[in-house]
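By written order: A, B and C. Residues from 1 in each chain.
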Amino acid sequence: MKKIIRNTMVLAGILASATAFSADYPSKNIRLVVPFGAGGGTDAVGRTLANSAKDILGTNISIMNRTGGSGAVGMSYGAQQRGDGYTLTVVTREIASLPQMGLMQHTADDFKLIRMVNLDPAVVLVNKDSKFNNINDLIKEAKANPGKVKFASTAAPNFYLIALQKDQGIQLNAIPYNGSSEAIPSVLGGHTAVTMVTPGEAISQLRSGQLKALGVMSKERISYIPNVPTLMEQGVNVTSGTWRGIGAPKNTPDDIITTLGTAFDQAMASDEFKGFMAKGAMTIHNMDAAEFTQFVKDDTKSLGELIK
Amino acid sequence: MFNRNIVFPILIIIISAVILAFIPQFTVPIYYQQDASVGAKFFPTVLVIAQIIICIALLIQHQKNKQKIKKTSAIFSKTSLFGLCFLVLYAVLIGLLGYLIASLISFTLYLVYLKTKTLSYYLFAYSFVVAIYYLFSHVFIISLPEGIIF
Amino acid sequence: MIDHLLVGLGAAFSLAIFPVLIFGVLGGIILGALPGLTATMGVAILLPFTFGMEATAAMVMLIGVYIGGIFGGSISAILLKTPGTPASAATVLDGYSLTEKGEAARALSIAAVASFVGGLISTLVLIAIAPMLAEFALRFNAPEYFALALFGLTIIASVSSKSILKGLLAGTIGLLISTVGLDPISSVPRFTFGVMDLYNGINVIPVLIGLFAISEALNQLEKLHSKEKVAAKFSNKLMSLKDLKNILPTSIKSALFGTSIGAVPGAGADISAFVCYNEAKRVSKNPDEFGKGDIKGLAAAEAGNNGVTGGSLVPLLTLGVPGDAVAAVLLGALIVQGLTPGPLLFTQNPEIVYGIFSSMLVANIAMLLIGLLGIRFFCQISKVPKSLMIPIIIFLSIVGAYAINNSMFDVGIAITFGVLGFILNKLEVPTSPILLAIILGPMAESNLRKSLLMFEGSWSFLYERPIALAFILLAVFSLWSTIRRHRKHR
């Protein structure tokens, strides 16, 4: 009996020492915190990127889904981990919006941002039989009947919509659905008139023609849906979208950030990752640490103006 | 002696009353969404009131069927209290030592508590813990709890 | 169509696909049987591995995990009173009672057969009338979901056999718990006390683990020391032909119910199992036997939850919209393969569609065979001495509660609900209504408020929308028949 305990202790000791910190990074498995559930878009991007990066870094990257509070729980958790490079976090646009709404204590400043991974604009979508054919039809209707046009919102509040509403001085009846998988059927079934999602979320319906795109909320057209004009082309000067990137706790040493940055550059350039993103109609947007940090700062400011 | 058929509903009524006092204190977030005519406070309020009514009905029912009371055992026996302590201890140990070591220690403690002398039980227990550890961390690649110390 | 199916069936048995399929089903059964590990998780973990696979093989593996996962949850529900997934919570009611009578082998064989019937019929319906079902599903929106949830909540009365009042109390406790978190419409934090882990509300899986697994472990622990040892006579007898005749009509009906519920995005196997259980109890000649080991109750829950598998692919394949979390991963897997789920898939890649259909048929057969052949092996589990089984259940529960969201907070939730469940058992308050309420509460509340927003404050949707009206009438009818049954009983 005593022997068993002793043996177990020895075994435990071996296992513990194998995970101890060492200078040659990375020497053990890296955890990537995904602040959204298994099976969602952020999860899929995180898993695929981890899969591509693991061979480059020469270590396994395990995905840790930590959901709650629209991403707040996972990102706060990631920000509070040891800055040893073994816990990374997928940061999403919510890191810019939630703190300003009083729904999250940590901000982008609690992270050292490593790379932006993707940037997707929102697309304005209506049913194929809708009377709206361009963004101005929709705006005209909303001006004529304030608060009457039913909008299937993928989140509450929906910043894509608020950006349009503020700019045009219109008001839609925003009904908060739980993500695009509820909002899209609602428009398909004719229960709501319009929704805004990213191209990847609606690519099946766009290709089959079940949904009609009134415009894309980016500066330039998107290669996956080249026939859809931007809102700016139609005289509506609004852009909006969402982004994802990778961050590490803010006390992570800079050389580790550099190592990881280079590894993610290669991962993002890999055929596997590029193929995955292209097929899912998601846009890879690689921004380096400095550029990404500035971008998040700017986006935080512009979201702050929408929230006010 | 406490009668559980009276104490329990009264306890729930008290808790419900406390909850009812909490509901008006819900704070509206900084960015306020439009809301339906039935707001955030509606459901909890209705539920708490329903709960109180049900408890009162339970008390009345108990009063009516007083004769039918069966003999019941204590809510917490010594073993179930041990079980509860074991659970909490195990959870705390996981937080400190991580899954693998915490499980090995707790399993040993448990078997010692039951005064088990059969060696095969210990072997089975340890191989089970290690097998689960292996299955999760190497086959499913799900990260198991890591402790603060290790 | 038949040609496509035959080609698909040929492919399903090919060397490239058949092993993958078996791997998927077997893996799914194991994942499903472990509390806290769900089919969704299994499918999401496997997703990156499918990138390098050929499209049909990838889909076959993931669908195998899905089908196996829902059945797997029932094995632990029957043997250990520990449902592996919420879909098996209704299975516990009668399945575990049979195990207590020493009829575990019979219960497991009934579960396997009923799951097979559920999965098979569901797949056949999917093949035959998917587009029609999709049209039905699209008519569902907030008012219909609200009415469906309301109907589901009436089942609380029906599963509380001893005292309706205590059942209702459990229901309100569950509903109150479901209001914890950011409110779904206006993001008002309710009962969160500033704890961020509570913002998303209380996750149903740790609650399930606590209420069923941990409370049962505590309960067993207590019995361990008490003198009254239940000498469980163990019978290796499987189900009889008479059993089969008995459960077949219920299974077929539940399969059809399950398929329809699955076809509606947002309503899944957990709800379906309870609805089917309720329906079987309602039409039964001796409803009092339900909850005490009625094989029809077991079969209804099992056919009901596996019946969802075919249905949930309807919105995915016909509309390109995922019906539940598993379907969302399948959607991702199809898109990564360069395919377009939705109406285009039938015209552009019929071989994929029929490949999926035929492998679903084969996966269900594989599930049946593994389920039946495995009974001997599974039953060994119930021969493990109780004193060893208890800590194992506790360990699995804790790990499962942690794994679902990598959170020690959820472990705390599971333990809390374990203790709550233990106390409630002593007070003869049924615990399954709490679970049902936590699943249906948010659905009822958010959809009622969404409907009110859509109809600008008017309640007319309750009678203007035919499907919603139908469910409300069903709810009234279900409540009425339960109350009448109780009256008669007295």
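Heads up, the rule we're going with is that a residue touches a chain if its C-beta (ideal position, glycine included) is under 8 Å from a C-beta of that chain, and two chains touch if they have at least 3 such contacts.
Please read these numbers as outputs of a predicted model, since none were measured by experiment.
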By Cα centroid distance, the chain farthest from subunit B is A
A student comparing B-C to A-B should find more C-beta pairs in contact for B-C
The distance between the C-alpha centres of subunit A and subunit C, rounded to whole Å, is 30
Between subunit B and subunit C, the Cα-mean centres are separated in Å by 22
Subunit A and subunit B have mean C-alpha positions lying a whole-number Å distance apart equal to 35
Subunit B touches at least 2 other chains through residues 29, 31, 33-34, 141-143
Touching two or more other chains in subunit A are residues 64, 101, 103, 156-157, 173, 176
Multi-chain contacts in subunit C, i.e. residues touching at least two other chains, fall at 41, 45, 185-187, 406, 450, 453
Residue set of subunit A touching subunit C in the complex reads 37-41, 43-44, 47-48, 50-51, 64-70, 72-73, 76, 101, 103-105, 150, 156-157, 173, 175-178, 181-182, 184-186, 188-189, 191-192, 200, 203-205, 207-208, 210, 272, 275-276, 279-281
Per the touch rule, the subunit C residues reaching subunit B in their complex are 31, 37, 41-42, 45, 165-166, 168-169, 172-173, 175-176, 179, 183, 185-191, 214, 217-219, 221-222, 224-226, 385, 387-388, 390-392, 394-396, 398-399, 402-403, 406, 408, 411-412, 415, 418-419, 422-423, 426-427, 445, 448-450, 452-453, 457
Residue set of subunit B touching subunit C in the complex reads 4, 8, 12, 19, 22, 26-29, 31-40, 43-44, 47-48, 50-51, 54-55, 57-58, 61, 72-73, 75, 77-80, 82-84, 86-88, 90-91, 94-95, 99, 103, 106-107, 110, 114, 116, 121, 124-125, 128-129, 132, 136, 140-145
Contacts from subunit B onto subunit A in the complex sit at residues 29-31, 33-34, 100-101, 104, 108, 119, 122-123, 126, 141-143, 150
In the complex, the residues of subunit A that touch subunit B are 1, 4-5, 8, 12, 15-16, 19, 29, 31, 60, 62-64, 100-103, 156-157, 173-174, 176, 307
